[in-house]
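This is the structure I have questions about; it appears just below.
Which chain is which? They are A, B, C and D, in the order written, and residues in each are numbered from 1.
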Amino acid sequence: MEKEIKRINAHNITDKEFFYGHKGCAGCGGSLAVRLALKVLGERTYTVIPAGCMSAVGFVYPQLCFSTNAMISTFAGTASMLSGIAAGAKALGIKDFHAVGIAGDGGTADIGIQALSGAIDRNDQIIYICYDNEAYMNTGIQKSGLTPFGARTTTTPAGENIHGSITQKKNMFEIVAAHGISYAATASIGYVQDFMNKLAKAKEVKGTSYIHVYAPCPTGWGTPEDITVELAKEVVDTGLWYLAEYEYGRFKLNKNPKEFSSVENFLRKQGRFRHLDEKDIAYIIESRDKKWEYIRENWEVA
Amino acid sequence: MNKPQLMHYEKPKHIKDYPCGPAAPAGTLVVKNAGWRTRKPIVHKEKCTGCCLCYLYCPEGTIFKENKKVGIDYDFCKGCGICARACTHKAIEMIKEGENGEY
Amino acid sequence: MGNTKMFVSGNEAAAIGVKLARPHVISAYPITPQTVVVERIAEMVEKGELTSEFLHVESEHSALSAAMGASAVGARAFTATSSQGLLYMAECLHYASGGRFPIVMMNANRSLALPWSIYGDQRDSLSLLDCGWLQVYVEDAQESLDMMIQAYAIAENKEVLTPVMVNLDGFVLTHTYELVEVPSQEAVDAFLPPFETENKLDFENPKNMCFSSSPGDNMEFKYQQHRAAAKAAEVIKEVDEMYHKKFGRGYGGLVDGYRCEDAEIILVTLGSITGTCRVVADELRREGKKVGVLKIRFMRPFPEKEIIDITRGAKVVGVLEKDISFGYEGTVYTNVNSALLKSGKPIQSYNFIAGLGGRDISKNDIKFMYTYLEEAANGVKKEYIKWINLGVDTDGEGN
Amino acid sequence: MIEIRWHGRGGQGSFTASRILGAAASLYGNKYALAFPSFGPERRGAPITAFTKIDDQKIRDRSEIIHCDYIVVLDETLFAPSLLQDLKPGGKILINTAREEKYKAISPDWIVTFDAVAIAQEILGRPVTNTAMIGALIGISEVIPVHAVAESIKNEFSSSLAEKNIRVLNQSYERIKGEWL
């Protein structure tokens, strides 16, 4: 049943740039996710970006950096505005288009989750991309529902009593899958081929698709701007993030590392984790192992 | 044209010069980002194999394909250095801004 | 096909008006007392009488957000809400007017929590007077139906491009059944052309919409928006006149003065209570009292000129409203007074706060108000703000 | 203006009755009408009221009816002698009951009784009495022609249900006229 989808790579992807001249920080992982997503989706795409980094850096009149149709939504309204666009275009008889929403972790897992849930429930013909940099970066690095355990943010300061965020990341991928969504996937800008494959798949999906792409933020994480992509690869190799898909009602793991690379090395590269002690790191590893035990037991493993 | 081009912009003088509501043509670029850079990537064409990994990984989209190699749009490159680290052939080098006499 | 007559509620009349305006997208979330509007529209869609995309959204915020998305691709969009729901979409209200999306929304005027109340007053929409929407308050089911059609003609006018909120008093109007004349679809189609706009995402001319602007440009956009809302005053009158010509029913544009020509005492009203005031004014006229009723139809744009004109010969003006701006006075009163001040002629004015939380306003209450105004005109000292029908002693001002 | 107030319980069809009558007057009786329920969160079984105002000209006053030409009580457990105070001079209270004597004892002039349940059971097979009570009301008031109500019922119900309810209406109308006159 699975349809053969044309692989998109560096050579056959369109040369056109649809997100250009923006004011994102140098080395921004989120803007790479946006750029690649728009290139895969192509010219006949309506893009909705909520209030947040990508709209703040891409839409300041008169410098307008999306060269395809795009608009800013309210912070909570990415998915609902997208639903409206899809419905409006359908009602007007517009054919052969994609409606994509691209929101950050806070815009997705916190303030935007209600609208996202509604859109999936209606199975609207939309693609929703969450670029996850694990905190509210636009407002200056505050904890979101996707901030991982131990991360220092301006609202989860790391002191002697509390070592940064005390909560784990909300499990957005499985929350979305629990709706019985047509297609959901996790991705990372460290594995762009996988990310592009999933985008290409989402283009063909009938109904709602959701892609959760891990996208480091050098500014918020306290990392050098040139290692953004490497961090995004490493997080997958350490097992702290995973590449998976949910379709036809089944979960599928796309990459199953035989051995995980060092969590500690990964964490120590980042200012936001510098304060963690051995116990904290042990807890992070323990949580990872639990998760992987579950995944390997319950999901289809490639 | 594969990338939106920098255009000349004059601030509206009359209220009618503004668009009706906050909407304007997509891809309107009126200022460069070159000033953000402290370092800049230089492509050593002889080492470049045209694998285009750098092209894929550039968050700005400023790397372009040119005669089976890559080139860089310095008007919008912010000098993050991701391309240099992505290049498995070490064909991209980050140098201090202004060192090669440009800018 | 000619007109047909139907015996329907205010909500149903609104739904019929919406159907005749043929919106492409309807997105709404249920809330008492608005629900019947969306139920009827859903039935119309189910029966194929209306070919619209009907979005069952999960909140009012999403309802208007989706309507904006639809409008942004050039579709005609409708939503409806009430009270808490209107407040929940407050962010989107400003967004829609700032984005110049000519959406039409029906609002069933209902009290705001706390205390919880499902009954009617007008504090919901009046507290959002500054959200950039044109606001019209209708008196009966017929006006409700007609205004849904007129509202699109006004909102989509190229010089206006501003959303319109059509307000119906909760229950007293939304749930009361009465006779309405339903124009034919052909006639409405001829009156209301398909929605055409430049302000949209278009694959031929791609746009970036709803952008940010720095302090150097932002105020100009606000000025533009203000001018458009002010310009709507003319367009409202033109549309009403055209509608009158075509369908035989006109409503006077921004205001409707009733027996005001030689009136010395004028009671300013909003919405469905106007009907009761007309009846009382007729009775008092029969007693020889020179009274009139000035129904404000549009709170935005505000009918400043019209109010000055109509009250020119009056000795005293009372403003009856189902609203209070806590710590001051009714918002309609504040607005009316501002207009009276500019008339250059000193006219006494008084404010009646009534019907909050659905309290009934009877003919006797209105007679009391006219008497109060008459006494004031005759030099009896009166409180400027009078709460009507408080059921207890308060030992305080205003009672 | 004729002002009618309906008393029943949620689910008994009092508001439907007020609406059928209003529609009959407006659409088929050459008059104007308003019909509205008491507004509130009442659920099935709760005492509710509904209102119908009928006049020769457009009705602009939407306030609740306090002084009634007719009070129609669909559920006799809701009757209280205090209702008599809400009648205009010459007004009538119409009660759905089989116990005529009980109410005649309270006020032979102001109260009219009608056994709507009997007719409803006979024709509909269910004790749904709203159309029977409309028939009785028309019988004692002649506020609009009974055929106008029949038209309105056709609008309200599916054809088979409409046909039965029209029989209920007509028989109630005939029966009360026989009893009452």
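The rule is short, and it goes like this: a residue touches a chain if its C-beta (ideal position, glycine included) is under 8 Å from a C-beta of that chain, and two chains touch if they have at least 3 such contacts.
Note that this is a predicted model, so its numbers are computed, not measured.
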Heading the list of chain pairs by contact pairs is A-C
So, in whole Å, the Cα centroid of chain A is separated from that of chain D by 63
Per the C-alpha centroid definition, the whole-Å distance linking chain A and chain B comes out as 24
Chain-centre distance (mean CA atoms) for chain B and chain D, in whole Å, is 80
Chain centres from averaged Cα atoms put chain B and chain C apart, in whole Å, by 52
Contacts with two or more other chains occur in chain B at residues 22-28
Multi-chain touching residues of chain A, meaning two or more other chains, are 61-62, 64-71
Each of the following residues of chain D touches two or more other chains, namely none
Among line, ring, star, complete and other, the chain contact graph is other
In the complex, chain C touches chain A at residues 24-25, 27, 51-53, 55-59, 61-63, 65-75, 77, 91-92, 95, 201-203, 206-214, 217
Chain A contacts chain C in the complex at 43-44, 46, 48, 55-56, 58-62, 64-74, 76-77, 79-92, 94, 97, 114-115, 117-118, 121-122, 124
Chain B residues touching chain C in their complex are 11-12, 15, 18, 20-28
The chain A residues in contact with chain B across the complex are 10-11, 13, 15-24, 26-29, 31-32, 35-36, 61-71, 189, 192, 224-230
Per the touch rule, the chain D residues reaching chain C in their complex are 19, 22-23, 26-27, 32-37, 39-41, 59-64, 66, 152
